[in-house]
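Each of the next two complexes has chain A plus one more chain, namely chain B in the first and chain C in the second.
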Partner chain A sequence: MARVDLHALTKTWDKATAVAGIDLSIDDGEFVAILGPSGCGKSTTLFLLAGVYLPSSGDILFDGTRVNEVEARHRNVGIVFQSYALYPNMSVLQNILFPTRFQKTPDAERRAREMGELVQITELLDRRPSELSGGQQQRVALARALIKRPNLLLLDEPLSNLDATLRLTMRAEIRRLTRDLGVTTILVTHDQLEATTMADRVVCMNAGRIEQVGTAEDLYMRPETTFVAGFIGSPPINLIPLPTPGVDAQGQTQPQTLGLRPEMLHAGESGLPLQIDHVEVMGRETLYSGTGPNGALRFLEPTAQPRWSMGDRVHLDFAPADSILFDAAGRRLPDATARRTE
Partner chain B sequence: MMKPSRLSLDALLFLGPAVVLMLAFFVAPIVVNILVSFSDMSQTVRLDGFPTTAQYNKLGKLDPDAFLGFELRGSFYRALALTATFVFLTLFIFNVSFALILALTTTAIPERMGAVFRAIWLLPRMSPSVVYALLWLWVVDSSERGLLNQVWLLFASEPINLRLDHPMLVIVVANGLIGASLGMIIFTSAIRSIPEHLFHAARADGAGPLSIVRHVVLPALRWPISYITIYQALALLVSFEYIFLIMGPARSTMTMAMLSYTRTLAPQVGGGQYAYGAAIAMILIVIGIVVALAMWRLANMKALLQKPRIEVNG
Partner chain C sequence: MTDWTALATRSRRARQTRLGVLTLFLTLVSIPVAVPYIWMVMIAFTARRGMAETGTLWPALLVIVAGLAVYGLVLWRSGRERTALVAGALTGLGLGLVLLGNDLHLNNFRFMVNANIIEDLKGQATAGGQFPWVWEAFFNSLILAGSQTIIVVTVSTLAAYYLSRFSFRGRSAFLQSLLVLQAFPAITLVIPIFLIVFWVGLLNTLYAPILVLTALELPFFIFIMKGFFDAVPWDIEMSAMTDGASRRQAFWMVVLPQVRVGMIAIGVFAFIKGWEEYVFVNGLRTGNSYWVMSTYLYYVRQDVMGVDYGMVAAVAVLYVLPALVLYLFCQKYLTQMTLGGVKG
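For the complex of A and B:
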């Protein structure tokens, strides 16, 4: 197991910058999720850690040792790919055994069978990957990644090809496995639920940079930027532009954007006016969307039966403590809260 | 439920053109060849003496004491042996192994550089056969002007005459270097279609470059290698163009295809024996079919065939 440190890590392709000088430290045995939209550089970061790509600049350290030039095969890293990347010509057992060909592993087959047991695929060991379902392939890929007891386990969107129910099961199983083995794990995903439910800490990336590192609660309740605020949370946060000057008479930075989570808004007699133009019943909750003088807004009510209908006019109230305020650059103003009159 | 007449019409429209082409260009020539081979057809181009086994008697004779019940005539036996040597060496050294090495190396280097190298290897295919043969004649020229001899004489005192001393080497290398480009293209395309994640996974699993070739690339090339082996074996069996252009009607490189050609369509070297040529061609066709079926079976090519994706309601 390893502690991982990234210092000013950069990867450029011709003129495009995929990873723009990121700094990150991951503790031994920690489970970290790198979350971000497509093209934000999260998979590139993962491949840099794996040794598949070489950094353009910056450093990668495993347990304090620089591994920039160390080849992938000598890094002792296990990877589970989005496509699982199982060798189609080999049986499940041969797939799991494959990494042991390249390192002296006493009793490799016994260990492979143990790994098969651990990920619950004992009865599939003689099959070919093409004869397995997505979930089964995923388990095989996990067993293959873990058999050599890697310093670091890298998971590249491992659940994105699974159906919703299986995803739920596998989330828990992967978390259980990594916790039991105590392996340092980095999960790359664009699914915020996956990141927030599995990881000890979440790294939110955008355009090659780290926007914020924190717990799921930090990112949801105290987003550092409007990007994090907008990316984390479903339904997404309401970001309302404020008609205030950037700096007040005393030279203090004034908030430019008001962030309000849909569940923090309550329909009542006073507050932000809104005409409802869409109602979505979401099982135990109902989501309302509409437009008003402040632009498009969404609010969520914890009732399965809609209280309001399309065309209804409501006023949305909120507790000032629930508001999040951002400056002109989109950075959160930590100590500011909105006044309802604004 | 579709009417049977409509079904027949659909089948006819769908398969008709292909069936007509196959009959006209594959089946009919074989039938004509069989008829001619059992005649005495010569420069008069008449089906004289049909049916007669005279042409086959020139190739061999029945002998109850022989292993297979017949004995081959000397020239035909020699042609058969030369053909087997030529096909085997060209196929395995160049058309498969060298093509594979070219594909592996040109896909391992940066894409643009790889494309340039592949284009260079394709140049002989794009140039006229005569130009390619002329270049070879210059390369293996027995005088001091020959390209090979210019290099050879830097280390030795006497020039070498490859066409005389090592004729098989000349035709194998000349055919092989041009033939390798087809395999190179097919194998390159197959290597490019291997998902990149498999390479990444193998590297992370600890595999080095040779292990990746062995465990990831070669298994993915099983079908292309089988295909190229069968296709090129059949092509080499009937290939004579470069042999004739470089070696002429030399006995040392008189393969079956060369024998058939020189006996029929090369008047200055004893051509015009159409029936005899047809009998040799007939043996080539039978060998071709046997080789193709054997390789098809050995390589389990049937597994490559997929069910049609268009459903027809019966």
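For the complex of A and C:
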């Protein structure tokens, strides 16, 4: 149970920069997700926190104390790897007990059985990891990470090796566990649904930097940059380049890009012209893609029955308040005074 | 219309032909390998006049073929492995007793109980008390092979772990040189090695072949062990370290158990290499300072006053036995080994 602060944290390898100076504060007991495409430095950040890597510069603070040089084994951090990293030469019980072999834990075995109960694997304790399914291995890894009451729980893409239904249950289960135990948790993932459904706050990273920190709603409704706008949301946002000059006569920054979520666009009599060239029925709604003078656009209609088919021409209208405007550098402009682009 | 029955028949026939041809081919190529060993064993247990006789070889082969035939037949008819094995063994044993029962004797193995066998055979003058009892050579061979195995397994495991996990200046050059070293025949090094051993003062001691063999074997075994370590995921080690283990503890408790197969495999190979070694054993002694099994066998075979091939074969049987036993026990580990590490 700890508060975690990162100050200008940087990690460079020989030539590449994996983490390019990030500042982040995580409250005690908070569940934070680090979200980003592969190679954005999110896993490196996690291993810096675990103490497996040494930072190149910047500071890591646990409860206000600098822990940069503290070895991984003394940081009291629990970690669940994408591959689960169970020890194949030990039984499930021995796996869960492994962390207690290095610190005096009274009643270690009873505690291990409690942890087993908590993650619902009591009947598997004598088996070998190779005899377990992916979901069961995941639970064992969680129990092993939690048995020593860690200051910080780190989850590295923990759900990406599970099938869709199991992912749904594990999502809820991990959330329940961390809330019950009150442990500060950092989840690293490239899956936006995982991040937005589980975390109190989401940290969106790109190319070693933090693009935005906020709640799921912040990231979706008020993306700070075009990267966040494009990365969050499925189907992705429409980003339409505007023909305005970068700066107007008064020296005011002018919007350069217009962001419109597919569900904010409505087909009507007037608006952006579009020729539909692909129709996807997605269950509750239908996704149309097409091309027009403003480039490729997508829009959603809340009907399962397709209203148009390939080759149809439509006009797309939207409410100015729903649009998001970005400047030339890709930053969101604060007051969205939307303008039409006819 | 497709004639499915005809296609199925054709495919079945093709499969049977393929299997038959393969079995026949494997049987044929194994004959030149197996027959000399069978012959050696037969001479050791039946030769009476010290000659390399073939008289008992043919009945012995007949016994083996009959045993195998019964085994195959019973397996085919009943499908029960154990029954077939027992039936084949009983057939072989019964037929063997009938055909060869009167020829078997252990006289050729008298060197095992007689410490002065050469002196008894050829007179004090020829051997002059230099020739040891076979057990002295046997235990020297055990020490040579065993200590060399321990060193090779320890050093190559530690070196391979470092090579697999750490990056350092010259790492790739080091790895390449490990392989290049294998390209030179070790025999070309006999003279320089002899001189070095002489200068160091280890000539005529058992330390010399132990160290030389270790040095010659290490590069290849390091390379093999590196493959095993490469197959152990990094995650597991990182996990152990965040669980509270130091790097050394993580190595001992988590990584090492996973390369056990590799350690056993290179251990067996190193042992057999040390057990069979002749060149560097004979080359690094100037007199009869130490004897190992290979030099003992060579001496028994020396044609001073006519060779007793019965005894030569008996020594050979004793010589082969430890390696064979070791191989049988560790076979399942050896088959898991490939150059790249553990097979899936």
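To be clear about the criterion, the second predicted complex is superposed on the first by the 340 of 342 C-alpha atoms of A that agree within 3 Å, B and C clash if a C-alpha of one lies under 4 Å from a C-alpha of the other, contacts with A are read in each partner's own complex, and residues count from 1 in each chain.
Rule of thumb we're sticking to: contacts are C-beta pairs under 8 Å (C-beta built on N, C-alpha and C of every residue); 3 or more make two chains touch, one makes a residue touch a chain.
Here the structure is a predicted model, which means the values were calculated and not measured.
For the composite obtained by superposing both complexes on chain A, the positions of chain B and chain C are in clash.
Of the two partner chains, neither chain B nor chain C is touched by A:Gly116.
Legend: residue contacts after superposition of the two complexes on their common chain; A:Ala72 is shown touching both chain B and chain C.
Contacts of A:Tyr87 after superposition on the shared chain: both chain B and chain C are touched. In the superposition on chain A, A:Phe47 makes contact with both chain B and chain C. Touching of chain A by both chain B and chain C, each in its own complex, is seen for residues 47, 50-52, 71-75, 77-79, 81-83, 85, 87-89, 98-99, 101-103, 144, 148. By the touch rule above, chain B contacts chain A in their complex via residues 195, 197-198, 200-208, 211, 215-216, 219-220, 222.
Residues 47, 50-52, 71-75, 77-79, 81-83, 85, 87-90, 98-99, 101-103, 144, 148, 154 of chain A are the ones that touch chain B when the two sit in their complex.
Against chain A, the residues of chain C that register as touching in their complex are 233, 235-236, 238-246, 249, 253-254, 257-258. Looking at the complex, you find that chain A touches chain C at residues 47, 50-52, 71-75, 77-79, 81-83, 85-89, 98-99, 101-103, 144, 148.
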